[in-house]
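Below you'll find the structures, each written out as structure tokens.
Here chain A shows up in two complexes: once beside chain B, once beside chain C.
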Partner chain A sequence: MTTSLVSPRFKVVVDHELCCKCKRCVIGCGWGTLTFTNRVVPDHSKCVACHYCVTHCPTGAITVQEHPLAYRYNANWTVAHRRDVWKQAETGGMLLTGMGNDKPYQIIWDHLVLDACQVTNPSIDPLREPMELRTYLGRKPDRLEFDAEGNLLTKLEPQIKLEVPIVFSPMSYGSISLNAQKSLAMAAKDRGILWNTGEGGLHKDLYPYTDCAVVQCASGRFGVHAGYLNAAAAIEIKIGQGAKPGIGGHLPGEKVSFDVSETRMIPMGTDALSPAPHHDIYSIEDLRQLIFALKEATAYQKPVGVKIAAVHNVAPIVAGIVYAGADIVYIDGFRGGTGAAPNIVRDHVGIPIELAIAAVDDRLRQEGIRNQASIIAAGSVRSAGDIAKAIALGADAVAIGTAALLPLGCRICQSCYTGNCSWGITSQRPELTRRLDPYWGAEQVSNLIRAWSLELKEILGALGVNAIESLRGSRERLRGIGLDQVTLDILGVKPAGR
Partner chain B sequence: MRIDANGMPYRQLNQIIRDAAAGGEKEFELLNVNGQRYIGDGLEKKARIEVHGVPGNDLGAFMNGPQIIVRGNAQDGIANTMNDGKIVVHGDAGDVLGYGMRGGKLHVLGEVGYRVGIHMKSYKRQVPVIIAGGIARDFFGEYMAGGVLILLGLNRSNGDPIVGDYVGTGMHGGVIYVRGAVDKFMLGKEVGVKEPTPEDRRELEGYLKEFCDDFGLDLSEIMSEEFTKLVPMSHRPYGNLYAY
Partner chain C sequence: MKQVYPRILSGCGLIGSMNEKGRRVNGEDIITAISTMHERSNGLGGGFAAYGIYPEHKEEYALHVMYSSGIGKDITDKLIDENFYVSADGRIPTRPVDAISKPPLLWRYFVRPKESKMEESGIHTEDDFVLEAVMHINFEVEDSFVMSSGKNMGAFKAVGYAGDVGRFYKLDEYHGYTWIAHARFPTNTPGWWGGAHPFTLLDWAVVHNGEISSYGINRRYLEMFGYRCTLQTDTEVMAYLLDLLIRRHKMPIRIACDVMASRFWKDIDRLDGEEQRKMLAMRQVYGSALVNGPFAIIFGHRRGMVGFNDRIKLRPMVAGRKDDTLYIASEEAAIREICPNPDRVWSPRAGEPVIGWLEEGVA
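For the complex of A and B:
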């Protein structure tokens, strides 16, 4: 056998002057990059730049560099293209990847700016005046009726209260570790928001956190039963995911451990592949059937949402979903993350979330049904600025996945599908997952939500509004920079200066 | 409790059943059922529901414990993601039966449609079982991850195939028993053909005895023919599709 054509991407540099030979890095690396023979010896080809060794080295002796190996420059045949071809030549397989689309498509968030008050209308000081971020998800009535005494006659559909318009995106037990899910669940409880089980069912240890959980019913129906549905705050039918529109969930066999197998009720070590469609949903009418099967199963006490990937005809699709009876529609843009997806689908299928929010909000308003469902936008929300822009474009709330894993140590090394995550976030190997202390994790994630809440309040104050409701769909408060006219038209946003 | 379902919307019918079951009612007789969906959906109480007429889709979806007896034909999506309990259909049934089923039993006297037993699961002692007395259409046992599917093909006219194409496509767990032989070209490529062991036959006999008791059929006659046992060739059929 010849040696691999795929050269290392990173280079691990150990400063042997500083190294105290404690071997913490050798034990810490989930990838088997480092061995110890009198001194620490790296196998550069195994490094994914997860920085676990770098972060935990007591003497700061390790650093990871881009591998300096030069390739003949070619603007067309990028090094990434060459590497992919070599890897596929050696394996004959589809390339798997993790996390969201990393290609340099235009990021519309970064071409939108927010308004602020100056002279003609006063801004508000959020440090000294009340500022409302509370958001309710669920179907709102067309009108309210009262009796003569002023008592409400209209029967309200179930609503979920969010203290901040942020929820955690669905990340299944299996794709992430139990300790990672626990971290998110505790942070959600702490901040009055929601976490989402993803499609892998609910581990028995997480039942104390179901009052702030969204439980998923996906095409694989893993871990779905009446107790699971009734325990949750809301139910979500997973149709699609931004990282892999049109294909089902994919949990590589490496990550189907004993506990995952029990929770999902599938054989250990098998690839948990969810069927691409729900085979009882081939139409909007069929979707309605499942929505109401779930409502019947929970006696109409829970909002039922539908999650889809943002694709070309997202606006009429979402309108259909709302007509089908969904109370919440979760739209995942093409930069949305994943634990495992074929590279070719992740990087080339779907549309940006910014355009999808605007198109969907427009369409639902035109149809007069915008009140009938809440819209959750996801697919790379990286800051409170992105959240404010998403809400101004028309979303009710946003979902964050990658941003909620970064506080746990994630470096976006995009290797979640291997199950070797040194940080114990996307692994099921007990020696790795036990490193992630869920109490520390919860505090980290909770801190992030607090920080973003403060920033959102600051933005609202500058805009001169005292409630996030007042920003929702208020596209007049956005301007575009460097966007073409067609994109601006779709966004319903004027260019800066006009 | 007797309920005349004639012209009654499904939501009202199911609400009555839910409320009565919560109040301790254990026997339901539904008359003039005509396409009402979701009967027994999510019901977790021990109860026996006898349906006269044709129940609508998603009969017994997410159900966890009750027994449903249908005196007639039934439609699509029966036992969708059902966890426990039993459904007996004295007639034919439609497509996508037992989707993601996790436990309990579904006995259908007659024919069943497409994609029956899709993605059934099992864990330790929780083993769902579907038995169909007649024939089944394409994609029988698709993506099957666990449980038991039994197909008898009784009362066929000569030359009718017992099952459609793509049997067990994507199968990675569980077992399918077909009474008689199955042509290899009808099987999904993930399926292996085995001869049932004496132990398998004992297990089969246990399942079929209950089935015969439900419908008044002759067990010895059903067992007189050889069965074909279909199992996944690998619990990881798609492991080599990807580059790591």
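For the complex of A and C:
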């Protein structure tokens, strides 16, 4: 076993009476937790509770438990704090993690409730009446002009159609596997929504899915070329990410396989480093130059978006981004996920998306520029309820990352950064990635979007509206429960009962 | 009025009639018609708007003002004197009606903005100057409320049944070519007369039956353009939207109706070419002006009268025509009560406006 101070987090229990010794679990585990010497033997210290073995055991012989080892209770020195210190003492390194902030900060979604119609206005039955979720992202003019015959004179800038106000958040090829990206791309095409390449370029196999793809231009400029930009539905400049505001990216050389190297346009086996800032963006006017450089490169045919992390001054920052010419602003709250981020940043930097949406929407309205850019909200959207609330607070659409990986088997084990994902989602190891069938994956993800669409329609019907734009920014349809007055003021929401 | 009123939900009965040739009739018919729909109201609000009633003052703005105190009148009088030429003013004539109690002081002024004041304010059009003054009185000046401020038109409203309100204001003694009436069923007592319909803005008068389920976003959208929705009635939102789209964004009326009761995507998808591009752009740009939820609305303006429903017609509205008179009402019975043999009576489709125009040169 190990002489480490860090005791195992989980305990793998194999019922040897049920076990048929097929070794499927041994082969399946990406972590090397299980070996076979006459019978299945677990090394508990390696288990991350990804449940791959549990899910695939033909006899249901395996369970994973919280390790029962007792620690002396201390409300201040939690076990998590103690474990982190031990790990750092042994390695001298910064601790890495995957997925979103898991600390028990207040989750504002869970303190907001939606309205419904009773008597004075009727609810609408989505099974019998049209119920519209279609959303267009892009810059809108302040007004339209018509001639005397009622012909439209105004020409709109490019708009992207979403059949449901949901997009997939950027997850690069490298951070996730090609099969995972394919699953998302196919699901996006199927549902009439968008997927996003992330900053890892666009693999040649994914060019059939570019009409529903957003391509990223991040600080590393990986895989960015004219064909890449012009293939996409929209372009996104990535400034920051909710899980690691102000922090760059680091794809370790081990994950830079031949295909990753080709797609990112970097040598095989080299670390892919995304600088913390764009080295050509040191202020808002520099951002404007990049926005217009990308618009020039694509003949003003593609909306250009900017993705930022929700930080303290998010409202004026977003206003600046809109003035700089962005058509879409993607705001990622502090609970947003990641493939790899320093623990300390993920858990302690940034602000909740709920407050960010409200502050941004308010500010853009005060400036009279709310119509000039669409707002995408991300940073932990877990259900159609969260989506409805995000839209009522003022978002045009939401982006989902973690929720889009769960249908592929993800258990939020938070170990994406290791590259050992047994489910083949965040690994580049061919023996692991090949088990993720993109056709199955696409169906799973597509089903989720369908299910959430139905739920959103049901919510709209109960609210007595039949178009999503009638909920968008309509904070009157929200009430707060157990939120303090200052938070309510920021959200622009009344307390329940008023 | 320096107050924020709670948003009051209500159901209602509506009727409007308009003579295209500008032939003026007295208010008896409209009182009869609205009284037919007594069951659609609960005695907590009724009102009328009439066009063509002040031909002798047709170039002047007619301000109908309610005062709940003498102090309010003093302040407002001073404000009006400073900013406007007043050619005539006086009490709005009323007769005692049992069911109408505690009327506020009702005063009428015929005014024209002073050029010097307009120059000082930097407001270029008379309409905008009047609008600004009305907004100021309604939201800043205590105990004063401007019921209407259009030319050659006026609003008459009160807490009570609509028929009683009409008799109280002696509408049988006025002659107009367009009449609009409203009988209200609010869910709680409005408490003051300003809350009754019609809601007016310059020469726009809006009567409305419905509850706007998209109120929150419609209101926030209007706020972006400087409107202050303080009265918290849905009708106020309707009136401001019409003002924004038709007066400020110069949209043809038909298109403004298509914005407020927009077509479904499935129908837009079936259009082709230019028509599709137009409908698509209208929804993309004016999504926040879509009025969702049940409504039927009639609005009058200088040149005509329009009625339309929400996009799935959740409130009743019928239209009728006899010779050169157009009728729009919540119930066919109300039309037939005053026009027993209409040439045509029809139910407009959801979202499809009935647009009546006065003949050129009439108004």
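In this text, the second predicted complex is superposed on the first by the 496 of 498 C-alpha atoms of A that agree within 3 Å, B and C clash if a C-alpha of one lies under 4 Å from a C-alpha of the other, contacts with A are read in each partner's own complex, and residues count from 1 in each chain.
To be clear about the criterion, contacts are C-beta pairs under 8 Å (C-beta built on N, C-alpha and C of every residue); 3 or more make two chains touch, one makes a residue touch a chain.
Only a predicted model underlies this, so the values are computations on that prediction, with no experimental measurement involved.
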{"item": "First, second, both or neither for A:273, with chain B first and chain C second", "value": "first"}
{"item": "Chain B versus chain C as contact partner of A:252, first or second or both or neither", "value": "first"}
{"item": "Touched partner set for A:314, first chain B, second chain C, both or neither", "value": "neither"}
{"item": "Partner chain(s) touched by A:93 [first = chain B, second = chain C, both, neither]", "value": "first"}
{"item": "Which superposed partner A:465 touches (first chain B, second chain C, both, neither)", "value": "second"}
{"item": "First, second, both or neither for A:381, with chain B first and chain C second", "value": "neither"}
{"item": "Partner chain(s) touched by A:132 [first = chain B, second = chain C, both, neither]", "value": "second"}
{"item": "In the complex with chain A, residue positions of chain C that touch it", "value": "9-11, 187, 210-217, 219-221, 223-224, 249-252, 254-255, 262, 264-266, 274, 277-278, 281-288, 290, 292-294, 311-312, 314"}
{"item": "In the complex, chain B residues that touch chain A", "value": "10-11, 14, 18, 37-38, 41-44, 57-58, 61-64, 76-77, 80-81, 83, 96, 99-100, 102, 115, 118-119, 121-123, 126, 142-143, 145-146, 170, 172-173, 235-244"}
{"item": "Chain C contact footprint on chain A (complex, rising order)", "value": "117, 120-122, 124, 129-130, 132, 134, 136, 138, 140-141, 143-146, 148, 150-152, 154, 156, 159, 365, 368, 370-371, 392, 463-467, 469-477"}
{"item": "Chain B partner contacts - residues on chain A that touch it in the complex", "value": "87-88, 90-96, 217, 219-222, 224-227, 229-230, 252-253, 261-262, 264-267, 269-271, 273, 275, 279-280, 289, 292-294, 296-299, 342, 417-418"}
